[in-house]
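The following blocks contain the structures, represented as structure tokens.
The following pair of complexes shares a single chain, subunit A, combined with subunit B in the former and subunit C in the latter.
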Partner chain A sequence: MLEVRDLSFRYDAQPAIVDVSLAVQQGEFVALLGSNGAGKTTLLRIISGLLRPASGTIAFDGQRLDSLQPHRICDLGLVHVPEGRQLFPSMTVRENLELGAYLPAARRHLAASLEYVIHLFPKLGARLGQLVGTLSGGEQQMVAIGRGLMAGPRLLMLDEPTLGLSPALATEILHTVRQLNKERSLGVLLVSQDVVQALQLAHSAYVLQNGRMVRHGTAEEFLGDESLRQAYLGI
Partner chain B sequence: MYQVTQSLVSGILTGGIFALLGVGFSLTWGVTRAINVAHAAFAVIAAYVAYWLLQMFHVDPLLALVLIVPLMFSLGVAFHRTLIKPTGERTHDLELASMMLTFGLAAAIENGIAYVWSPDPRVINTVYTGKALSIAGISMPIAHILGFGLALATIAALYFYLERTFTGKAVRAVWQNRVGAALCGIDLERVTSITYGLALASAGVAGVAMALIYTFDPATQFSWLIYAFLVVIFGGVGSVLGSLLAGLFIGIVLGLSGLLIPFAWSNLLLFAMLIAFLFWRPTGLLRR
Partner chain C sequence: MPMMISASLNIAMRGRGQQLRSAPLGMVAATVLLALLPLTHPSEYLLSFLFIAFMYASLASSWNIVGGFAGYLSFGHAAFFGIGGYATGLALLHSGWSPFITAIPAALLAGLFAALVGYPVLRLRGPYFALVTLILTMVVRLVVMNLSWTKAAQGFWLPFPPFDNWTSRAVFYEVMLAILVLTLLVVRWVQYSKLGIGLIMIRNDEEAAQTFGVDATFLKVTAFVLSAALAGLVGGIFAYYRTYVHPNTMFDAYISVTTVLMALFGGRHIWFGPTLGAITLSVLSELLTLSIGTEIARVVFGLLLVAVVVTMPDGILGFTSRSARAHDGSWLKFLRREKWKS
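Up next, the complex of A and B:
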């Protein structure tokens, strides 16, 4: 479904992504792991078109993405829920969610999508009229994921959706993502610091180190092999 | 007391037009981080177009808006595509770069108008120019009432467009978070072009409204720009309602101060208040 090949990117002089390849199959749940500064956020930003790669290719269902604008990529069903949420703080929860369905294809299903998001995150249902800037961090994260779902994605990329949340809330959010993955066979590419939990939910995992992809394996391999975990994940 | 009411009323009428002059300036500043110092010069272009349509074809300025508004909208889109966007791609400090660029553009427009149409001051003379309505002893020039009506209608339309329509919400989204907006599938370039179109269209209406009540010449753009700046600073960058309140406030201050101090001093008073205001509330009346 998503096929990234030999991708490279540099910020000014400093290389941030070096010859990275990665694939996500239809309906697959993939964890992207790596320590702070490894390049995970940069990689997602390249895939969603916010940054232009220096070299390499990105294909989604066979279509090349690496020269498309972010709104075109979103339109293809590859949706990025970014680090730091990037919501519209002076707009209401409802407006934020509606904007997720900005593109004509998504707008046609706006009412049904909104209902589904509220079904997933009942807390948002009671706060539709509230300004997003006044929500708690956990509620804002629900809006961010909800906004991503409103676009009608086939593959959802989530960048640290549990950062700064209580462990209970983090678990709740990750399980909701897993539920989406199962029920709607939604492809998921998850970046998370909750390594163990991410591995428990994911089918497979990639490890990024200093901008290079150093390891790829099934979640079971990582969970079952302590030396592997220690070498690449430090746990 | 009569004089106070009279000054208050004329202050409100002109203040509404100042608000319209500032609202588009505020919008492009907020949405794109570009400070379009040529905003008022575009308004003066519209005033001249209205003037010549009246002189040459006897088209009433209000009717001329049917032509001026789409013309100014297209000019705004072209202005963004050819000048603002390429500048944005080449700099990290668009606020400063755009200010330099559009300062030059404003000078070019001013001199261009002077060259083509001479620097003579112009007056729009319609059938209603100089006529006034008298309500409860308060005299209201018809031109002022029409200008104020135009301003209110345009600001209201802009407000509802931004609050209620999908594209309008996209404009606000781009203003609040560009990355978030792009990831929602919003085409930043298109939305920014529309913003410039709306801004210059509103400047066009403001130019016509100003021309209904004041004489103007090519250099008038500078004094109109001052009003636009005052509106943004009092009203807060990017806020439509803030612009409206700020415009009314400026109009009332100018109107009332005329009773107490010589007219030449009113602008000085305005700037003194501006400085005091910036200390007290640097983000504008309505913080957003």
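Up next, the complex of A and C:
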């Protein structure tokens, strides 16, 4: 479904991503792991069109993305839920969700999408009229994921959705992501520092180190092999 | 594709029906009353004062499309105003065409110029954008000052309109009122359209907006062009009103700054905020000048503005009405009813 091949990117002269390849299949849950500064966020930003790669290709269902504008990529069904949530704090929960369905195709399913988001996150249902700036961090993250879902994605890219959340809330959010991955056979590319939990939920995982993809395997391989865990994940 | 077009047309028409039914009833009444004002034979002073007040109201409102909705604080509105003025002035001087007609192509010219400079300049954000737009006015003024066919630094006089003094003032008053109404209709339409929603998303978080399908570059440039064209229209009429066209009066940073302050003062979250700000400040400034003399009035006026901007960051509308405060979504309720639902 998503095919990234030999992607490279530089911030000025500094290489940030070097010859990275990655694939996500239809309905697959993929974890992207790596320490701070490894290039995970940069990689997602390149895929969603916010940054332009220096070389390499990105294809989504066979269509090349690497020269498309971000709004076109969203229209194709590849939706990025950015790190730090980037919500519209002066709008209500409902308005934030509605704005996720900005494009005509998504707006046609507005009511059904809204219902599904509330089904996934019942807490939001009670807070539709509340300003997002007054929500807790966990609730804001739910809105961010919900807003992403409103765009009608076929592949959802989540950047650190559990950052700064309590362990219980982090677990809840990640399990919800797994649930919608199953229910909707939605492709998920998850960036997370919460390595163990991400591996328990994901089908496969990639490890980035200093901008290079150093390891790819199934989640079981990572969890089962101690030397692998110590070498790449520090757990 | 054809289906999409018919759907959006449908949406636009429903939107128009709603507009006629709700808020603008007051606007229609005010417009009719103001349009009939010259029948009471007011003084030339009053007509001139209202002409200038309406001019600033229109400038502040059109500025708000970019500065308020999209959150790109432009200090270059005078550049487009001046281009409009020079276009109608030169057309009258060389060909004798009336500015009341050439103001329309002059507005298009200002819009075209905005498209050309907007594309690169709108890539800048925050203070960088503000500075470059401020400099833009100065650059255009310098260019005009050094070209022989724009009469360089001398400027040029225009022939008087073919009316007696009072009639002339009344005609200019009516024309500027019409331009203000047009501006308000455009700005109101923008706020409640998909363009407006996109612009407000851009103001909140441009990157997030892009990842949700907002074509930020296109929307920003469109907003900039609309805003500039309306300013060019105003400038085109103002040049004829002044009958003297000079780089320093047409490309005056004072106009840009006053426009911004008036919009901020009124409140930039709602389409009629800048008009309210412009009218209030014009009246206040005039009263202060008349009562305590020009110099002290400037000082008091300046202090008052600082006090207001510090204590009411969302303008007087934001201060008085909770819904107009930073709550951007209040108008989305309207969309939910009318057209946001597909």
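Assorted remarks:
Keep in mind that, in the parts below, the second predicted complex is superposed on the first by the 235 of 235 C-alpha atoms of A that agree within 3 Å, B and C clash if a C-alpha of one lies under 4 Å from a C-alpha of the other, contacts with A are read in each partner's own complex, and residues count from 1 in each chain.
Operating definition for what follows: a residue touches a chain if its C-beta (ideal position, glycine included) is under 8 Å from a C-beta of that chain, and two chains touch if they have at least 3 such contacts.
All figures in this text were calculated on a predicted structure; none of them were measured in a lab.
Model built by superposing both complexes on subunit A: subunit B and subunit C clash. By the touch criterion defined above, A:Q86 lies against subunit B and subunit C together after alignment on the C-alpha atoms of chain A. Judged by the touch definition given at the top, the superposed model places A:L186 against neither subunit B nor subunit C. Of the two partner chains placed by superposition, subunit B and subunit C are both touched by A:Y102.
In the superposition on chain A, contact of A:H71 is made with both subunit B and subunit C. Taken together, the two structures place residues 48-50, 69-71, 74-75, 79-80, 82, 86-91, 95, 98-100, 102-103, 106-107, 147, 151 of subunit A in contact with subunit B in one case and with subunit C in the other. Of all residues in subunit A, only 48-50, 69-71, 74-75, 79-80, 82, 86-92, 95, 98-100, 102-104, 106-108, 110-111, 131, 147, 151 touch subunit C in the complex they form.
Interface residues of subunit A, counted against subunit B in their complex, comprise 48-50, 69-71, 74-75, 79-82, 85-91, 95, 98-100, 102-103, 106-107, 147-148, 151. Taken in their complex, subunit B has these residues touching subunit A: 166, 169-170, 172-173, 176-177, 179-188, 288.
On the side of subunit C, the complex with subunit A involves touching residues 4, 7-8, 194, 197-198, 201, 204-205, 207-217, 326-329, 332, 336, 340-342.
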